[in-house]
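What follows is chain A paired twice: with chain B in the first complex and chain C in the second.
Moving on, here comes the complex of A and B:
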């Protein structure tokens, strides 16, 4: 046994892991640490900074705009989970019916808003929801005599954002659910039918448990995506939070604080709160998913 | 040690070796790459129209062996982001940067010493430029008493109206002196001829969500949002009176205003249809109409804004652009000379008006006969002269880093009052005014809360 061989073996793993570790430290660890320090400072860019310790977090606690952003974001998240996902599942079940012709075409149609991207969808939606000349108000006026001046983007900002994301994401989530439904064991469904189970009982006791892993994943994705909502209101409301901050979300407030006001410290504090919320939701969701199995 | 390195190398596969070699080689190549030093001055602007305006002068400079100028047109969001990144990090940006009013607030937010633009106050005074330029035009580019840019424009405001509709109805606009006159004299145009229970058209393009127009009209009436020391001053009797009047135009049975947005296809369609008869019109907007609404040529006229009270101011101000010299420039003297060449050039001042309908802030050029030329788009009016006559009378604007926040809160206040008025069917002016006062107080508290926690912002000495 030579003296050098064990030493060479012990260095090789470090050399192989080294590039990743260096990249990880530069692009993850250092920014995280810097963000932690920033959250304790008030800044005007990196050159002008004053330590305020937990002043940013104390200010957040009594900042009505921040609480408005939290409330708006949570409403949007709830709508994503409790309206968007059931619709996506329902649509997937319709498309999963045996003997349905043109399933691929329907799937493409429902999925197609995803192909355009959020900014295009937001731009189109802002035209659709326009007063007087907007397609929706024109249609509602023609069908039900609703005023052409119905203020979707003024008074009903959050419902408008929710409707737009339904258009964008129902088809996207439907694809996940459809894939899961197509993998449900047919023999179990047949056995349930032989045992006299009706459609609801089969869905409740066979289909739902079978698609639960995919469902949990989709719920988690929806929550994370909703908490990070930014581009949609930013584009639809012309780079503002809308009248009376009705479209203000947590990430939009972070952006305004950091890049419009220039207080990167305050923005960093908002970022940490958002990160904690994401972690909290992920833990709760994981526990719920585990207890349900 | 040697054995260890040999052993390590022997355990590295060919693929890993190639990746490592490429990584190390490309890093070294980047490090060795020489930084590009442009031979000319770097100038960033946001308006393609301004590029067309400056190009002949720059070509002339190049012919006289003056330093070359690399002029780049950069969209407003990208320009703002590049400029602020450079200012924040103390890195070079450009030798000259043109910015518009919305961008200025952020550039002036930090300690006065950290503002990324060079303080031009002493230079401007020393060279006697204060007397040559329309004084109120310095307002938006002044922070804590220091001037950081040369004003590009004045942007006085008139009232544009659909002459074909107004004169077709036999209405004589010379009877209009005040906004109350405007509402009374123009009222017959709001008839419901199609019998759907709503007026076929409204008198004014204005809505409670439109902070720009609200601000313009409130400035006209003497309202203001910050005092001379830069402190927030939204919660005043006068602001409440003005805001109440504007909101009352948008609600209830006496409503005269309609939501007709600028710069959108939907808004332009409504303008073509004559859904609103009159619009607040800064000089720069004339060219926007000319380009976007050519169908209205010969159908539009301008008149001084109706005053808030008899004998009151007949104009206001909306928008603005400045040219500043970032502190990081290595060639301040050449940059300043170029700034002076561009902003004090008579030929550019002429082009500014003939191409873009914008009145120069250089008072010396206001006598130019070009302002007296009839303008076919505006039904043959000498509208240039009408704007020039109002230019010295525009209201002063104080600058604040929190200007955008104040405008956002002003809009929130207007929306809150208008929605309260509609939901409770409360349309009496006094009740609306009282509500405005409450909402303005809330707005002021919100902005003050943000200002108070800025440890860098000092009042002017």
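Moving on, here comes the complex of A and C:
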């Protein structure tokens, strides 16, 4: 037993937690506090700043572009929750059939688009939806003889974005649902069958309650991710918000305000609105998850 | 017997639904790879492989099928050689590898040590830090974009790798995961026994705790590597000179400049997607277990 040990023990926690705590304070706590100050300022680049107090928020409230961004983002979020997640659950239920061959391979295939980062998916997708050379138009032309010149990306901005994220995320969310489904008590399902429950009744009263915790986690994750959509439209639309700003999202507007216009204050104000929306959605979602059966 | 037949039938029905969906998922990948090997003319004139316009007849016994002949010799690596020799994509590839592995290693080490300290060690400030970490989980990263940019400007860290790596090595999410992992799989008695045996606290962390939370170490490292590789906003904001760009920014810039050069863009995408995909295939099991650990075990 060395004499220095008791003291060494009392310092050790700081040595272990230290690197994290220091970096956390400098790069999370400090920026968070400064985001509060910045939101009350107008800046021109990183240096010059003047206080406008709540002027940024007042400006946001009557900024049609900001409302446009919110509307677009909410449409996208709704599509994620009400189109993408049911598809993911359906796919997981198909894969969860007892004794299904090749489940591992199917799971890997459906999950694989997730390995491609958003930027790279955006690059691929923008060419898939391109006129003339795009896969979609070439396939439609080959199958139905329709014109090669239909500009999908320019005509249907939001639907193209939603279809692209379906490809990317249905398999990802399916992995969660599949893991949850495999934990559903089989004897309960059998008991329900013996009691004469049909497939829908079994799904509604046995499966759905059992996968609820995972389900609400996936819903929350999906909402959080969708509200922060940025790279996909930004890269697909070549660093623009698309025709008539139909691809403008909240984070894209934050980026444009802060780093193209140079007003970090306005960008921070948008950031706070985003944070409030996230917290609001999380609270509502937690309430719904508890009450509804 | 009847039961068995219906179950075979429904199995066939399940595959009948799953196979087309699987193909639909894979088609963009196949198209991507083939497109990266085509020249511009073939890009417009053929959907997948370039064709000679002739038909070839395959005879297998009595059966003969006519197929369009594939012009294999028109497939080319020209897009790739342009990317590497004229456009210097190799530099971006190296930047991506460096940034992703450094961030993954440091973030995992920081998170594991922090998570263990919060879970098992007593020290002043522990409660405050734990609460702060939990609270930080709900901060959307875009909120910190502008103030972090300003801070990096003041610290002189804009346009440096340090400015990109440093803010990413102390993720609240990571500390939270490792705190949970420690509580679940590192018994208090074991640590106490090691202390009595005279093992130092740092020694305990490296030789007892890290091996016990190994599944989380693997999963978190991989998740961080992929997230850093695919990250776009932060390098786009922090870095200015093109020799520092990782692939995510480099490819999006290519897309801006060579908009119509589809084969080139597809080759750039293949180069960007292949390394993390291969890494994932190698470490697949750890990734899936890490992904679902938080959700299923709660």
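Some points to look at:
The working rule: the second predicted complex is superposed on the first by the 265 of 293 C-alpha atoms of A that agree within 3 Å, B and C clash if a C-alpha of one lies under 4 Å from a C-alpha of the other, contacts with A are read in each partner's own complex, and residues count from 1 in each chain.
The criterion applied here is as follows: a residue touches a chain if its C-beta (ideal position, glycine included) is under 8 Å from a C-beta of that chain, and two chains touch if they have at least 3 such contacts.
Keep in mind it's a predicted model, so treat the numbers as computed, not measured.
By the document's definition of touching, neither partner reaches A:196: not chain B, not chain C. When the two structures are aligned on the shared chain, A:99 is found in touch with chain C, with no touch to chain B. After overlaying the two complexes on the shared chain, residue contacts for A:167 are found with chain C alone; chain B is out of touch.
Within the superposed three-chain model, A:28 lies in touch with chain C and out of touch with chain B [touch as defined at top].
Contacts of A:154 after superposition on the shared chain: chain B is touched, whereas chain C is not.
Judged by the touch definition given at the top, the superposed model places A:19 against both chain B and chain C. In the superposed pair of complexes, A:138 makes contact with chain C only, with no contact to chain B. By the touch criterion defined above, A:275 lies against chain C but remains apart from chain B after alignment on the C-alpha atoms of chain A.
Contacts of A:251 after superposition on the shared chain: chain C is touched, whereas chain B is not. Once the two structures are overlaid, the count of chain A residues touched is higher for C than for its counterpart among chain B and chain C.
Shared interface residues of chain A, touching chain B in one complex and chain C in the other, are 5, 8-9, 12, 15-16, 19, 46-47, 127, 130, 132-133, 239, 259. The residues of chain A lying in touch with chain B in their complex are 2-5, 7-9, 11-12, 15-16, 19, 42, 44-48, 50, 52, 55, 59, 63-65, 127, 130-134, 149, 154-155, 239-241, 243-245, 259-263. Note for the complex: chain B touches chain A at residues 3-4, 6-8, 10-12, 16, 20, 23, 77, 81, 84, 87-90, 106, 109-111, 114, 208-209, 259, 264-266, 269-270, 275, 404-405, 408, 411-412, 415-416, 419, 446, 449-450, 453-456. Residue ranges on chain C touching chain A, taken from their complex, read 7, 10-11, 14-15, 17-18, 21-22, 25-29, 31-32, 35, 43-44, 47, 109-111, 113-114, 116-118, 121-123, 125-126, 129, 132-133, 136, 138-151, 153-154, 166-167, 169-170, 172, 175, 195, 198, 200-202, 205, 226, 229-233, 237, 248, 251-252, 255-256, 259, 262, 265-266, 268-269, 272-273, 276-277, 280, 284, 288, 291-292, 295-296, 298. Across the interface of their complex, chain C is touched by residues 1, 5, 8-10, 12-17, 19-24, 26-32, 34-35, 38, 43, 46-47, 91, 94-95, 97, 99-101, 106, 108-110, 112-113, 115-120, 122-124, 126-128, 130, 132-133, 135, 138-139, 142, 167, 171, 175-176, 179-180, 183, 213-214, 217-218, 224, 227-228, 230-231, 235, 238-239, 251, 254-255, 258-259, 264-265, 267-268, 271-272, 274-275, 278-279, 282 of chain A.
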